[in-house]
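Both of the next two complexes hold chain A, though its partner changes from chain B to chain C.
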Partner chain A sequence: MRKYFNNKLAIALFALPSLFIYSIVVAYPILQTFYRSFFEWDGLGEADFNGLQNYLMFFKDPLLGTSLKNGFIFAAVLVVFQIGLGTILALVCSDPKVKGRKLLKTGYFIPVVLSVTVVCQLWAAIYDPTNGLINKLFQMVGISYQQNWMTSPYASIIAIAFVNAWQYMGYQFSLLYAGVKSIPEQYLEAATIDGCGKWTAHWKITLPMMVETFKFCFIIAITSGIGAFVQMLIMTSGGPGTSNYTLTYMIYRYAFTESEYGYACAISVMLVIISLLATLIINRAFDREKFSH
Partner chain B sequence: MRKKMTRSLSILLALILTMSLAACGSSGSNGEKPNETKGDEAANQTVKLRIYARYFDDDTKKPYDYAVAELKKEMPNVELELDPYVQDGGQKLKTYAATGNMPDIFDAGWNDFQVFKNSKNILELDNEAETAAFKKDLNPGNEAKLISPDGHVYGYPYSGIEFQVLYYNKKVFEEAGVQVPIKTIDEWKEAIQKFKAKGIIPLSIFAKEKWISNSLYKGLAMKEEPKGYGVINEPGVTQLPDAFKTAAEQVKELQEAGLFDANATNTNYDQASALFYQGKAAMFINGQWEIYSAQKNMGDNVDWMYFPAKDEATYENTKFYLNGTGESSGYAVSATTKHKAEAVKAAAFIARKYAEYKYTQLGNPIVSIKVDKPATAEAPAMMQRLITETLPNIKGFSGIVSPKIGNVIDDNTQNLLVKGFSSDQFVKNLNRILEQENKK
Partner chain C sequence: MYDNAMTYMKKTMQIVMQFPLWFYFIVSIYPLFWMVSYSLKNNDEIFVTNPFGIPTHFRFENYINAWSQFNIPKYVINSLVVSTVATIGILVLSVMFAYAIARMQWKLRNAARVYMIIGMFIPIQVIMIPLAILVKDFHLTNTYGALIIPYIAFGLPFSALVFYGFMKSIPIELEESACMDGASIYRTFMQIIVPIVRPAVATVAIFQFLAAWNEFLMAYILISEESMKTLPLGLLLFQGQYSTDWGGMGAVMTIASLPMVIVYLLFSEQVERALTVGSAVKG
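Let's look at the complex of A and B:
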């Protein structure tokens, strides 16, 4: 085995094709995006260097406030539903006494494999203000509250974020479940012997020991939320107006409808920076040493 | 020895894989370069031209097939290879341009013309013999379809200036006791209450597509300002003129009166048209091209009306100022085509024959060019009414705006259709973009 890993030339050569493809398909476009963000460019013709003008425009853009706000709301909804609910379900499914655990585990993952278009159309029908399931259920049980879920300036972003949370909760659940199962049973057995209740044991032992799993899940949820796009595009086209815009939607608008590719590249760079900042904050918040006993 | 062989074979395999991946990029998957002539060695020199054209339903397939069949008689040495148009905001074409793979002929509009002009991917057709002939045969009022705002010709249009009208269900109107036509905003508000009392949606609108809410707003704005959007696309106009503020207030009043379905901004064309055709909505807004579908689905039970105005006098005076934009569009020619003469001639010919089909076979008079053949198809009653009553009396169309201003109008007119967005916010947002774009 050692001999195999000592053969660096062979390793390098075998890795070369993949590295080559990665460089062309991933690394080069990223570098180009950063480079082009300093230009005024329509995507086709000559690019004019304009320094930091695109970045200054970004901070003055009237769409920025709405996009950032929506991104953080989206991330918050994902955290609550995907991680919060996912953790509870993972803990429940880890208990051998729960009947139908296998069926539940499979069931939670089914929405993940569905097409995002199908899921969005399904929820668009559920959210319909006149004939949708939710408003009809309210009517059936005598609740007078009716909501126009996808046009309300306050409810629509939460409603759309919930669609993503619902679809990919199974993915987070599978990560969290793996995290729960990776904890040696001796710790929980010792806690039980010492008279600790099940949920107290989870709170004091399981969850702190899952800090690395939570860190990863939070990074996925928050960066997905900040850069959300697909559900807005399919369900409301970012509307009504621009009320459901996010940073990614801004990139789409400026690049593909206004042909301002240079500015769109600058927004992409800012999106990456914001996501990296979020990742840094999460890493600090979930510093392992804080949670070790 | 064996190990050495294995090692050498492994290195060789890795190198072969790498080389084959690099080689893949140089030979395209379709194995042909669109602008190359095929059969150079053939005595007849067939010229193959790639054409990016609309070809997705009967409305687009039949005129195109007709035009191609006529082209075979006129230019037998030219063979057209169809690359179907995709409704993606011009992205496919722009990708072609970026990769140096432009079709020889392509159907596009002014927004794309500008982008391709700046990147030198489109031919200026000003001095072509075909252009002079086209100008001579142009239907009056369609100059803006051929000549772009910068004074140049980039494409040969086939359709005339299209516009939107309000279709209405005669039976629903009769049963609700609403007089036709609705001439004023106040009459419209009264009608809304009558329809709502009967559980009928007053106006079905596919406002998931922002352009239609823009059209509705523009239809009302033209009553206040007959020059339309041309007025706000001028340098120095940094505040929204009063006419457009009034139109925004009118849309808001109508929204508050209940003109639109609660889910209007999430309704697509199929849903909105179904509501109208099934008698669940009293009115429907769409272009005059909807006449054929409306007639087919509703027979004599459907007709159209002009947009209402603030009072009857204004309604009568502005009836023939229509909300079509008339921006330049049509079949353009790539600057990188290797067969310029054939491509220009073919583009102009296809546009003419496309228009000819629409006029003769569909009885649609809204085409760019005069057609010297008689119409063989009988135009539907609603189209007959357009031909006799409206087309001879058209006084003007709305002008166009820049893509940035257009996007903001799209966003904010869609916003006007929902609760919680005021006409003041509309004005504020428009003022911001006008200040940004029109500052001298």
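Let's look at the complex of A and C:
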């Protein structure tokens, strides 16, 4: 049997094609990004080694402040909307008396399978200042809060983040719902028999037991907020001006419109470091020890 | 009497409790309903007479115009080719790779598995710039290969891990007896392993097809030629050209969305399972 699974030719035949294509398309570019981040390079000609210059430039870049701020606002909107509201919906939906659960879950999930272009263009229409759904609704109800959502430098980043939050709500919801369902019902029953209200029981028992689920959901929401890009590209082209820039938008701009590939690589490296830091902090914050009584 | 009032109260409470669920259901679905409705209206109806409801007169000509005047058939074909070939490529390569790391005996197999898993945690932004240059150097810009090869590579880690987990749960006795009967390793793989992993194949295939069909960022960077664009890219073009004809725009968006919504409605359980598997593997 050992000899059977030791067949060198078969191993090569099974494993090498995948390793080859993965190495060229994923592994090699990662190393290139790190390596090139220490060069001044336009992507075509000679690359000049310039040590940590690109990184120093990054910390002085006037776009950095806006980009970081927008990344964190984006992440915050995702956390509040998807995880906050998503958890409430998952808890309510887990009640065995709820009817039409399948229909609800399907309805929440449909936006997830749509193309991001369709979703962004649909919401651009919804936010349209004269003919959009939202301003029309305000008009109908008689609220004079109509505005140009996409050109306001303050509201637009939140409005755009909301589009992403809306689209992927179904995904986070199904993770959270699976988390709620994974907790044995006896725990909750025991608590309610002891005279606990249902919501107190959820607060004291269900939520602390979902630590692992929350950890995963927070990592997804926060890293995708920090790395956000496509929504700004499609809906506002990063504007007005550069007010909707994010770190990925900076990478895109420096690499593909200004041909500063070396500097763009350095920003990519910084994006990875910031995302890793965020992941570490979340892991710490949701340390299982803290939640076990 | 009193009992009746109590049950009545309880019923009302239940409905009130469920209200947030149905409220969010409307938030989630109504924009799509609105899109499909305005794809069947003219501007007058969208803007003035009937912005919110079902169209009074179904104007299918919006669809005919969108389909015949613009490149939609071309985009649909491009998306189909790229997504289908990429999905098949991912399935074939990842089943083979998974078998090599799940069953075959070689020194570096754990290293190979870890090496592959790392790919799932790498944000695409880190790969984007060198990959764009690589594609240019290989003269693949504006070809199907420019998308198919990266999509296969990005899909491999997740799929290989799903199959790896699946194969680990298959009792080895089946293969042992095949070996005793004198079947070659290739025959064992094709006639025993491949049929057993079929349920996982369905899950992975749907997941990868969806991902490829909707992929935007890499396509945006690697494809510039009109005739090679996939649907998500092609749609961007309409934004400018169609800015005054909302009905046409809505029709284009509905055409692009319908296939995926149907796939989801038909296979909703597999799609959701694929995603939870994904989260279990990642977390």
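Just so it is clear, the second predicted complex is superposed on the first by the 272 of 293 C-alpha atoms of A that agree within 3 Å, B and C clash if a C-alpha of one lies under 4 Å from a C-alpha of the other, contacts with A are read in each partner's own complex, and residues count from 1 in each chain.
In this text, a contact is a pair of C-beta atoms (placed from the backbone, for glycine too) under 8 Å apart; a residue touches a chain by one contact, two chains touch by 3 or more.
Computed from a predicted structure; not experimentally measured.
By the touch criterion defined above, A:C196 lies against neither chain B nor chain C after alignment on the C-alpha atoms of chain A. Legend: residue contacts after superposition of the two complexes on their common chain; A:I21 is shown touching both chain B and chain C. Contacts of A:L85 after superposition: chain C is touched, whereas chain B is not reached.
Using the contact criterion defined above for the overlaid structures, shared-chain residue A:V272 touches chain C, although it does not reach chain B. Set against each other, chain B and chain C differ in how many residues of chain A they touch, and the higher count belongs to C. By the touch criterion defined above, A:G45 lies against chain B but remains apart from chain C after alignment on the C-alpha atoms of chain A.
When the two complexes are overlaid on their common chain A, residue A:S243 makes contact with chain B while staying clear of chain C. Taken together, the two structures place residues 7, 10, 13-14, 17, 21, 43, 124, 130, 256 of chain A in contact with chain B in one case and with chain C in the other. Listing the residues of chain A that touch chain C in their complex gives 1-2, 4-8, 10-11, 13-15, 17-19, 21-22, 24-30, 32-33, 36, 43, 85, 88-89, 92-93, 95, 97-99, 103-111, 113-118, 121-126, 130-131, 133, 136, 166, 169-171, 174-175, 178, 212, 215-216, 223, 227, 229-230, 233-234, 247-248, 251, 255-256, 261, 264-265, 268-269, 271-272, 275.
Within the complex formed with chain A, the chain B residues making contact are 7, 10-11, 14-15, 17-18, 21-22, 89, 91, 94, 97-98, 115-116, 118-121, 208, 210, 261-263, 265-266, 403-404, 407, 411-412, 414-415, 417-421, 429, 432. Residues of chain A touching chain B in their complex: 7, 9-10, 13-14, 16-17, 20-21, 42-45, 62, 124, 128-130, 148, 150-153, 235-237, 239-243, 253, 256-259. Residues 14, 17-18, 20-22, 24-25, 27-29, 31-32, 34-35, 38, 46-47, 51-52, 93-94, 96-97, 99-101, 103-106, 112, 115-116, 119, 122-123, 125-134, 149-150, 152-154, 156-157, 160, 175-176, 179, 185-186, 189, 210, 213-214, 216-217, 220-221, 231-233, 235-236, 238-239, 246, 249, 253, 256-257, 260-261, 263-265, 268, 271-272, 275-276, 279, 282-283 of chain C are the ones touching chain A in the complex.
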